[in-house]
Amino acid sequence: MYKIAKENLPALFQLIAGERELYVPVNNNGQVNFAAWTEGAVVDLDTLKSVKSPKDAFFPQSENLYTCYKDGKKITIQPEELQNQNFVVFGMKACDVKGVEVLDKVFLSEPVDSFYAARRAHGTIVALACHEPEESCFCKVFGIDCAEPVADVAAWMVEGELYWKALTEKGEALTKAAASLLTETDEAKVEAEKAAIRAIVEKLPYSDLSLEGWNGDALTEKFNSPVWEDLYKPCQACGTCTFVCPTCQCYDIKDYDTGHGVQRYRCWDSCMYSDFTMMAHGNNRTSQLQRFRQRFMHKLVYFPANNDGMYSCVGCGRCVEKCPSSLNIVKVIKAFEKQGGDQ
Amino acid sequence: MQRIGVFVCHCGSNIAATVDVKKVVEMVQMEPGVVHAEDYQYMCSEAGQAKIAAAIHEKNLTGIVVCSCSPRMHENTFRTAAQRAGLNPYMVEIANIREHCSWIHKDMEEATKKAVILARAAIAKVNLNTPLQPGESRVTKRALVIGGGIAGIQTALDIADAGYEVDIVEKTPSIGGRMSQLDKTFPTLDCSACILTPKMVEAAAHEKIKIYTYSEVEKVSGFVGDFTVDIRKKARSVDANKCTGCGVCQEKCPSKKAPSEFNRGLNTRSAIYTPFAQAIPNVPVIDRDACLKFKTGKCGVCEKVCQAGAIDYTQQDEIVTEKYGAIVVATGFDTIKLDNYDEYAYNQSKDVITSLELERIMNAAGPTKGHLERLSDGKHPHEMVFIQCVGSRCSDNRGKSYCSKICCMYTAKHAMLIRDKYPDVNVTVFYIDVRTPGKNFDEFYRRAVEEYGVNYIKGQVGKVILKPNGKLLVQGSDLLDNKQILKEADMVVLATAIEPEPSVRQIATMLTASIDTNNFLTEAHPKLRPVESPTAGVFLSGVCQGPKDIPETVAQAGAAAVKAIGLLAKDKLMTNPCTAKADELMCNGCSTCANVCPYGAISYEEKEVNDHGIRETRRIAVVNNALCQGCGACTVACPSGSMDLQGFSNRQIIAEVDAICR
Amino acid sequence: MSLNNEEFRPKIVAFCCNWCSYAGADLAGSSRLAYPADVKIIRVPCSCRVNPMFILRAFEKGADGVILCGCHPGDCHYSTGNYYARRRMTLLFSMLDYIGVENGRTRVEWVSAAEGVKFSQTMNEFVEKIHSLGKNVRLGDLRCRN
Amino acid sequence: MQELISRAKELLADGTVARVLGWRAGDLPYNPEPAYFTTAEELENFVYNGFCGANLSKYMIEASKLEGKTMVCLKPCDTYSFNQLIKEHRVDREKAYIVGVGCKGKLDIEKAKKLGIKGIESVSGAEMTNAADTLTFQTIYGEKSCSYAEAMLERCHVCKGKEHMVYDELIGESKDTKDAERFAEVEKIEAMSPAEKFAFFQKELSKCIRCNACRNVCPACSCRKCVFDSTKFDSAQKANVDSFEEKMFHVIRAFHVAGRCTDCGECSRVCPQGIPLHLFNRKYIKDINELYGEYQAGADTESRGPLTNFTFDDCEPSIVTQR
C-alpha cells in the first residue's frame, strides 16, 4: 500500500499523462465527466458520480470503424486503427468497474469486438472507493462493495491523502511508473475508511432492495405482467437513462458522407427510441410500453439468463438521479415486489 | 439506383469557349449513377435532342442532366424531348453552365471546375428525382380584363370576337382610358376620339362583353383556368337601368366645383357627372364627396329633375363574384407627380402645364374649348417652350430611369399642331435626344422641324422662373452651340414621364403577378413571352407592362387576347406537379403549414393511418394540387418535415448542397 | 504577392428563387457581369423554400458563406413567400450571431429579374466579405475538412 | 394537497373524469413521478409538492386519445404549454378537465446537491401548504438546510406570473416567484465578442450527450417524428461524433420551437448535463419581442405565431449585423 497527498495529485497526473493518455473526472461548467487530463483541467474527485459513466473510455459514445474513399469509380476501404497506446482511467467507482465487467461479457465473448478488446487490453483502471455514498446508490444489491473496489489499482481518499494499492500486473506497472511520487504506508487508515463506508451503505434507503424473482427464469411471468402498463406511462422516451448508464451497450451503425469519403461509425443507441433497431419493414417494438419493458427485462432477466446470472445493472443510481420523469429501475423492481406481495 | 445520362452542350462557342466540355464529360462519368455522358454543339437543336432520345433508348436512362443554358431558357425543351423518348419529363435537370458559368468567368480551368460542380449538383439531385405526373384542372371559359382603356377594349373585343365571354372592369365611370383624353394622335394627326369612340361603342354593344365601370377588383383567388374574382361595383347612386342619359341632372346640379378628372383638374364639373360626352355607359355617377345631398343632407335637386326616377341615394357598393379562366391586366398609366421638379415652376404658374394638360387645352371639349390660351390670364401665347424628358431617363431618384417612349412624338405633334393652327406662335423644344423609331415617325419629326419651323434645341432646362409680368423665363443650355440660353415664354409644356397606374400594385399582389422596381408588370420572358405574366393565366396588355404608344398597345392587346383565347380554347389544363405533399405518417396536424399557405391549398382531414402497426385516426394535412403553386413556404414551416415539395424536396436540395460543398 | 500557394478559395452557396433572383443571375450572365466562380447557385422555387437546415447543412459540409436571394418584398411570385423567408432568416442569422458565428457569413439580398448588375455586385461583395472572414472554422463538421 | 385529492375523488366518483393525471409519491423524498390515477385507492399515493416540477401538458397529447375526460393538474406556467398545444390541434380541450394547481416555485434537487446536501433521507419545507421559505433536509450526514429560493428551478426565478391561462377550476394559491430579469442572461451573452460567444456555447454544448431529454420533455417538440429521427433530411446522426452536431441540433430545435416555445423551462430542468438550454429559446423570444412585437406563446389559442406571420415593413435580416 502506498499513499500520496491530495495536493500532489496534479503532479501524479502530470507524470502519468506524460507517458500515456489519462482520463480523470473533470468539472466542465459544473458537470463532472471523465475526460482526457490536460494541464489546467479541473479534476474533481469529490463529486461521487460523473454524469455519464466512464464507460466511454472503453466503449466511446461514437467511434469510427472505417472510411471508404472514392477515386473515380474505384473505392478503397481504410479501416480505423485499433487502440494501440496504453491509457489510464483514474477515479472510476466500484460500480463503474463492475459496469465494465458487464460490457466485457458482451464485447469480449465471441465474436470479440476488436475495438473494445484493444481498449481493454491497453487500459489500466484506478478505482476510487466511495467516500460518501448517496441515497440513490444501490450497488450493494448487486454484491458490489464500494468500500473496496476491484480494479488494476484500488484507491481511497482519506483525510487529504490518496491511498493506493495495486491489485493486478497492470496496476503494478502503473505503480512502478508513479513510484517517484508514492510513499509506502500501512492499511490502518484505509481499513477504518472501509468500515465507515460500509456503515453508511447499510443506512442507504435502497440497500435493502430485493432482487428476488428477478433472474433468467422469470421471463414469461415478468414479460406478461400487467405492471408494465402502469409503470411505463410517465416515460417520455428520452434516452437519458441509457446514456448515463455504465452497462447499456447497444449501438447503432451509421454512415457519414464527409464529401471526400464515407465514414462508417457506430454510436450509442437507446432502446427507448422509436427508431431503435429500425429495419426495412419497420420496428419490432412499436409502443413505448414495449420499449420500456425491454430495457428492464434486458437488465434483470435476459442478461442474467445469458451470463450466468449476472445482472446488467450495477446500482450506480445515475438513472435514479437523471430521469426527467423520476422513473428508474428501483421503482420497477419495487413495483413488481409490491404486486407480488398483493397477490 | 438511377441510370443517368449527362449531356454537355457547347452552345456553339458560348459555353465551349470558356468551359472545357470534354473535361466535363470525362469528370461527370465518375459520379454515382452516371452511365452515359456526351457533348454536342447545340443540345437544344433537333440533332441534339435526337442524341438525348437515342441515349435514353440505348442506355435505358432513368434520369437526365443537361449541362447547358439556364433552365429558364430550355428546361421545357429538354423535358419535352425526354418525354417524347418515353422518359418522365420531371426526370430531367439542367446544370446552368452558360449564364452561371461560361458567360461570367474568363479562366477556362476555373470555369471548367465550376461547371463540373454544377453538373455534380444536378446529378445528385436527379439521383433523388421521382417521376411526377401533372394533374388536370378545368378551364372556365370566360376572361376578365382589368382596365377599360384602349388596351383593355381591344383585348376584350378580340377575345369576344373569338366567341368567349369577357368582362371588363374599369374603375372610372366610363371606359375609354387615357386615349379618350387625347386630342389628336401621331403620326397621322387623326382625331383620337374619332377612332376610339367606335371601339367603345362596339365593346358596349358586343353580346359577349360585359362592362363593369366604376368598379374595382377586390379579391382574386384560384389559379389559371379557374380564378374566382370579387368585383366591387361602387355605388353610382344612379340606377343604370332607368337612366336615359339625358344629362339634365348634371345641368341642374348646384354643386359644380369639383375638379374635372377628365380635364386633368383644369376646370370643374358637377357633383353628378359623366366624365365626358361620349362616355360609355352614358350614365352619370354622383361624387359623394362633392354632392350636397351627401354632405349636408339638403339638396336632392337631381332626384327631383330626373324624369326617369333613376337617382338612388341609398345605393350601396355591391360585390359581384365571378369565375374566370384567364385574366388580362390592362391598367394603363398616369403621368408622374411633379413634386420633385420645383425648378420647372409647375406648381407656381398655371402657364406651366404637362403635355396631357395641353391635350385637353387643344381639345374642343376641353377647358378652353380648344383655344390655345394661357390659363393664368386667358391670353393668347406667342412664345411656347416644350421641355422634354421631365422625369424620364433620370439618373437620380427624383424621376424614372426609363425613357417614356411616347414624349418625343407627341411633342412633335403638339409643336406641329400649334404651328399649323397658330403660325404666330413660336415653338421651341428643349431635348436630350429625339427618339423616333417607328413607322413614319422620323418623317413626322422632320416635318415639324423643316416644314413647321419648330425650333429644336439640344439641351436641358435648368430652371423656369415666373417673372412679375406673368411671363416665364426659361434658363437652358444649348449643348450644340455650347452656350447658355435665356428664353422668355408665355407657356411652358412639360413632357412628363409616364408611370404605371398606381393601383396596379394592389392588383399585382392579388394576382401574385410580379412587378419590377418601376411598378411595371414583369413579363414571363422579356423577348419570348412578352404579353404573359409569370403567373399562369395572367396576361399583360398595354402600358402596364412598359411604355408604349397606341399602335403598339393595340398590337399587344391583340397578342394578349390571343394568349387568353389559346387558354380558353382548352377544356382542361395540366397542373404543375411540383406541389407540396404531406407524409401522413409524420404529419402532426398542427395547422402551421396552412397558416403560411398563400393559396389556401392546405386543408385537414381526419384520416385513419397505419403507422407501422399503430392504427389510429389522425388529423392530417392534405394539399389540393390544383391550388398549390409549389412555393414551399409550408415545407419550412412544418416542424416535423412532413411537408415536402415534389421536384424540390428536402433531400434533393440537401444533395445539391452536399455536392457543391464537398 | 502572397507566398502562400494555397490561396483561400471560399465555398459559397447561393440559394436563388426561380422567379426573380435566378433570373437576375441569368441576366448577370447574359450581360457578362463577372463574379467569382466560388459562388454556386442552387435554384429554389421561392426564398421561402429555404429551410434553415439547408443553410446549416451547407456550413456543416464546408461552406464558408451562404447567401439567399429572393424577389424584393412585395414582388414575390407567390406574393408572401419572401416575407416569411425574411423573418426566418432574421431569426436564424441572429442565432448564429448569438452562438459566435461571424455574422458576415450569411446574407439575404433581394434581387429582381432585372437586377443583373445588383446580382453580380452582391456576389462580388459577398465573396470579398468571406475572404476577409477567412475559412469557416466555427460552423463546420471537422470530418468534412480536407 | 388534500383538497386536490378529495376533489379528484369527487370528479372520479361523479364520472366527470375517467382518470386523474397528477403525481405519485416517489421512493425518495424528492422524486414524485407523473402518474394516472383511476381509483380513490390509487389517489392515496397522489402527491403535490415543490418537487412536482414536471409539466404535464405534453402527457395530454396521449390522454386526449383516451376514452373520457382526464383531470389534469396544471401549474400556471404549464397552462401556456397547454394552450399552445390546443392551438396546434395536439390536445383536445374537451378531453381535459383542467385543475389549475397553485404554485409557489418548483425545486431542483440538483441545486440542493450542488450546495453539498447529499444522502438525503427526508425533506421538509417543500409541501405546498407550508409557506416556509426554508428547506430542511435530514441526511445520512446530518441535518442540512437551504432557502427555498436557493433550490428553485431557474425558470421560477423568471416566473411568468401566478395566473393560469386556461382551467376549469383552481385549487390552491400561487405566488409570483420572479426575482430575476428574464433576458438578463441572454443580454450578457449578446454583449460578448463573437469569440467569447463561441467559447461560451462550445463549452456548454460540448457537454451534450444527445440523450434527447430536452426534446422529449418539450411540450412544443410534440412532433410524431422529429426531423432528427427522420430520413428526410439526412440529419439523423444520433450521436455527437462532432461538435457541429450539437450546434445543428440545438439551433434547429430552438428554431423549430421559435414562436411556439412558451419558455416553460423543462429543457433546462431535465438536461442531465445542466446545459442552460433555455438560453437558446429565450434568445428567440427576445428577438421576436424586439423585432416583431411582444409575443407570449400560449397566452391564447388563436393568435398567429410570429413565424407564420409577417408585416410588410419587417426588418431585414441585415439588422443582425447592425445591432
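In order of appearance the chains are A, B, C and D, and numbering begins at 1 in each one.
Criterion: a contact is a pair of C-beta atoms (placed from the backbone, for glycine too) under 8 Å apart; a residue touches a chain by one contact, two chains touch by 3 or more.
Just so you know, these numbers come straight off a predicted model, no measurement behind them.
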* Name the chain with the Cα centroid closest to the overall protein Cα centroid. => C
* Structure fact -> Of A-D and B-D, the pair joined by more C-beta contact pairs is A-D
* Greatest Cα-centroid separation from chain A: which chain? -> B
* Inter-centroid spacing, chain C versus chain B (mean Cα positions, whole Å) -> 30
* Distance from the CA centroid of chain B to that of chain D, rounded to the nearest Å? -> 53
* Structure fact -> Separation of the C-alpha centres, chain C versus chain D, in whole Å, is 37
* Structure fact -> Listed in rising order, chain D residues that touch 2 or more other chains are 225, 227, 233, 241, 307-309
* To do: Provide the list of chain A residues touching at least two other chains, using ranges where the numbers run on.
  => 256, 258-260
* Could you tell me which residues belong to chain B and also touch two or more other chains? => 596, 637, 650, 654, 658, 661-662
* Could you draw the chains as nodes, link the ones that touch, and say if you get a line, ring, star, complete or other? => complete
* Structure fact -> Residue positions on chain C within touch of chain A in the complex are 61-62, 141, 143-144, 146
* Interface residues, chain B side, partner chain D - complex -> 583, 585-592, 595-596, 604, 611, 616, 619, 637, 639-642, 644, 649-651, 654
* Asked: Across the complex, what residues on chain C touch chain D?
  -> 52-53, 56-57, 60, 73-74, 80, 83-84, 86-104, 106-108, 138-143
* To do: Quick one: which bits of chain D touch chain A in the complex? Just the residue numbers, please.
  => 26-28, 31-36, 54, 58-59, 114, 118-121, 139-141, 203-204, 206-207, 209-213, 215-217, 225, 229, 236-241, 266, 269-270, 272-274
* For chain A, which residues are in contact with chain D within the complex? -> 28-31, 33, 48, 51-52, 61-62, 132-136, 200, 203-206, 230, 233-234, 236-240, 242-244, 252, 254, 256, 265, 267-270, 273-275, 320, 322, 324-327, 330-331, 334
